[in-house]
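Shared chain: chain A. Partners: chain B in the first complex, chain C in the second.
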Partner chain A sequence: MAYAKIGVEARSGLLATDRAKVMAIRIAIIVVMLALWEGASHSGLFFKDVIPSIATLAAALVRLLSGSPFYANLLVTAGEIAAAMAIGSVFGIAVGLLLGANPFLARTYEPYIYYFGPTPKIIFFSVLIMLYGVGPGSKIAMGAISCFFPIALSTLAGMREINPVLIRVGKSFSARPRHMVFKILMPAMRVPMITGIRLGLGVAIIGTLLAETKLSNKGLGYMVIQSYNRFDMPTMYALIIVVVSIAVLLNVLIERWSRSNSSDNLGSLA
Partner chain B sequence: MASLLRSDRFLPAATGIASLAAAVAIVELLLRAEILNPHIMPYPSDVFAAIPRIIREEAVFQRFLVTAGETLASLVLIVAIGVPLGVLLQRNPLVRKATESWFSALAAAPIVLAYPLFLVLFGRNASAIVALAVIGSIPPVVLKTVDGLAATRKVLINVGRAYSMTRRQIFWRIMVPSAIPSIFVGIRLGLIFALVKIVGVEFLINFGGLGQLINELAERYDLAGTYAAIIFVIAVSMLAFTLTEWIEKWLTQR
Partner chain C sequence: MKVAASMNRIDVNEVSKPEPDPVLVVERVSMKFNLGEQSVTAVDDVSFSVRPGEVFTVIGPSGCGKSTLFNIIGGLLGHYEGEVRIDGSKIAGSHESIGMVFQEESTFPWRNVIDNVAFPLELKGMGKSERLDRARHFIDMVGLSGFERHMPAQLSGGMRQRVAIARTLAYEPRILLMDEPFAALDEQTKLLLGEKVMEIQQRLKQTTLLITHNLSEAVQLSDRILIMTYRPGRVKRILDIKLDRPRTADVVGSEAFGRYVAEIWADLREEATRGMSDAESARR
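Up next is the complex of A and B:
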């Protein structure tokens, strides 16, 4: 029976031959997509240069990565995102810990954070420009507002999942609040907090880059919108490929980090 | 007991609203005392006064319909593409193994940054906004469809087999109904992803519904109007979010 076969495969993991098949499927999909792309590029169905050929794209990628403007702008954007993450995660973790420690505060303010979280934050940008100027300040503020919500909500969720035994241990050793936070709560919440930071970084990257495309004179978002204005499609594709690759890579790395070494934290002892 | 329960809910809600009102009042006072600069931040009282004005003068209702229409079109496409893709992946375990991580990566990728690309491909119009929203919002629907179908309880499938149902019958009468709550979680995530992208891109390219309204008011330096429009958009997003949450609860309770 087909179902039984599916069930067995799902349970026992993949066999070596299956792994080869999975790789073959992946390669096949990539080849087909590249072929479709190349076909579309030469088909004449689109305006000239809208879908550049793979060779043109590769050349643009090499040109982008071998020129200095890219690295200068990358540095600007990375700095903005780092500052945004620093501000957003300090506030997010503090709010998460506070609400997690006090059920009344959680019932009072959690709905606001929860329902505010999924609203589009970029609409605040016009207000942030007036408050923090057209420079990096408004981009940092944009990123910080974006990442605050997932970090606060993940920290709060993490507080709720902590094994009460750990907190009782802390109390019976009459740990000070500082020690409770740094020696017990934060180690026990390692995984949800890293999840919060991973999600937060994702939205901080989006917030900061979108803000740069709207109004700025530096950064990768600015480079994207400049190449759009010049109708330099290959460069725009190259930029988007690089930015998306960096974002996905960071996401994967943080996820690995949250899975690794989880045996040496207190949470797993519980 | 009942009164205790009610006060248990009432007090936090009242405190929440009271602290919101207090925050607004403090901002108003700081602006009146010119500790905050009233040229870059409007008086909250002016913002509230501006709400009826923008509703009356800025065609907010039509704009709402434009944004809602784009969201609905995206939603239809997201479901029409995402659910069958999820079914395909669930039925072909090898394809699923090969591509599931790609869909997760796509869900985390800042696709919305490619909006200039969509402007070039589709022109500066609603189809560019919808296309971007669809591509960026399909992954959660695919992943949750796969999860839901794969999590069908073995007992239920065995019951189907005991009644010698065909593979097709087992799929449609057993697996799909049991997966609906999970699929709906995916659709709801997709809807939220789409709404955020739609309003965001409307704002960024100054085209369409509610997002454009904020941009226009800001460019006119109508501070009170800008804040009022932001409040309005947030209210709409919260409403959409709450509505889908209710539907999800209703579906999972059945």
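Up next is the complex of A and C:
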């Protein structure tokens, strides 16, 4: 009986009382974490400032958000990620479409993309610095290499997911090639492509920030590592809080967007 | 076999009373596929013609080349021998006179019902308000009024197939070409949807070419039935179905209906048996 609510069964909605309980537990987790943190900071078990008190953190956060350096660096990082996504998406989608349309090319190149995709790209960072310098160039390259792989693989998967009967429907209505592409092929693969862009954005953010913390002269990652070097822990924590919040917010937005685009998948659950 | 097939062809052409020119003529169509070193003849020297306003059905066992024939007539398969003519002129590739309904799930899952039905009109470049009006008309015809804004995933399989049929009707083809359109549906839905399609067919005087392996579906819907042989697919016989119109789903209970089904089954049994023993020996 304990197994009755696993899998598809578990997807059925919760009761309103259960939903309230879930919310209460989620809030309780945050409260408990904050309490533990505050307790640890006053316990004297850690060096001063390794775990600053919540009041110190809040002050640092306010200071950070009211100063202009933060916004200048945020803009740099956001620009790097946007450029990385643009470059990675263009190449990723092009390669995915090409391999999806040509089984021979897919047979030949897919293993490389598939197995090289999950390897840590940060190892190439030193090479990228030599090629593109210490500034944003090497960060953009890092992010672009990171997001290229999931986007290429998802586009390829999307091409394979297109239901062939829909192509026959298009042909039976004498659809012209541009109608075929924009009214049938593209919409038919938008769900895996959105997934690819979501995964791609995730790794682009990781790649860019990681590169900034390694060696850079601008950006949020640079600010984090600078405050660490100054042993300015409150500011460092404030930066971590801000970066994590931005990443969570972005994920929520993309999740919303992808869900509104895949409403047709209701049927697979019913 | 060969003699019987060619005699049947004479039968078809020998009808003495004057009749209107056929809308669709399939003449001596053959199709071979190369499977590795073997070449398999899927359709062999098939000829028939479809008169305006009639429901003409091609029935045969699995593997008789029905779907190949469907794809050839619909223009989705090239490189065949023989000719397909519409109103006397030979066609190649997909043709605007032919509207196809597929056996598989074929609605666009990202479009709601009305945008699905309006799809062929959108391709023709018709303005938005006009094409939505037209689409509404055909949605009403298949009995889906009120579901215009539903997504396909929110509908049942039978409703989705009605959307697909409305979409093809909105294309206003001279010939409605359907390949096992009810194959994915349960028996009751199949009968009722068949009745609906026939009601529309009578209303529009829609020339219809139906491909099926289902005996009772064929008799319920057709004016004439072409029985195909199993591999290679040849014309075995063409049979007139003289049941009254309009026909409802209740026709399946009548005595005449039973006689037709039995008669076709007598012909099909031999072919289906050959198909079955082929399939069994392929597994050995």
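As a working rule, the second predicted complex is superposed on the first by the 233 of 270 C-alpha atoms of A that agree within 3 Å, B and C clash if a C-alpha of one lies under 4 Å from a C-alpha of the other, contacts with A are read in each partner's own complex, and residues count from 1 in each chain.
The rule is short, and it goes like this: a contact is a pair of C-beta atoms (placed from the backbone, for glycine too) under 8 Å apart; a residue touches a chain by one contact, two chains touch by 3 or more.
For clarity, every value in this text was computed on a predicted model and none was experimentally measured.
In the superposition on chain A, A:25 makes contact with chain B only, not with chain C. Set against each other, chain B and chain C touch different numbers of residues in chain A, with B touching more.
Once the two complexes are laid over each other on the shared chain, residue contacts for A:16 go to neither chain B nor chain C. Within the superposed three-chain model, A:116 lies in touch with chain B and out of touch with chain C [touch as defined at top].
Contacts of A:205 after superposition on the shared chain: chain B is touched, whereas chain C is not. Shared contact residues of chain A, touching chain B in one structure and chain C in the other, are absent. The touching residues of chain A, when paired with chain C in their complex, are 163, 165-166, 168-169, 171-176, 179, 183-184, 187-188, 190, 263-268, 270. On chain C, the positions that touch chain A within their shared complex are 74-76, 94-96, 98-100, 102, 104-106, 108-110, 119-120, 122-123, 151-154, 171.
The touching residues of chain B, counted against chain A in their complex, run 9, 11-13, 15-16, 19-20, 40-41, 93-95, 97-99, 105, 108-117, 119-121, 150, 154, 157, 161, 167, 170, 192, 195-197, 199-200, 203-204, 211, 214-215, 218-219, 223, 226-227, 230, 233-234, 237-238, 241-242. On the side of chain A, the complex with chain B involves touching residues 1-3, 6-7, 9-10, 14, 18, 21-23, 25-26, 29, 46-47, 50, 104, 107-109, 111-112, 115-116, 118-120, 122-127, 129-131, 202, 205-206, 209-210, 213-214, 221, 224-225, 227-228, 231, 233, 236-237, 240, 243-244, 247-248, 251-252.
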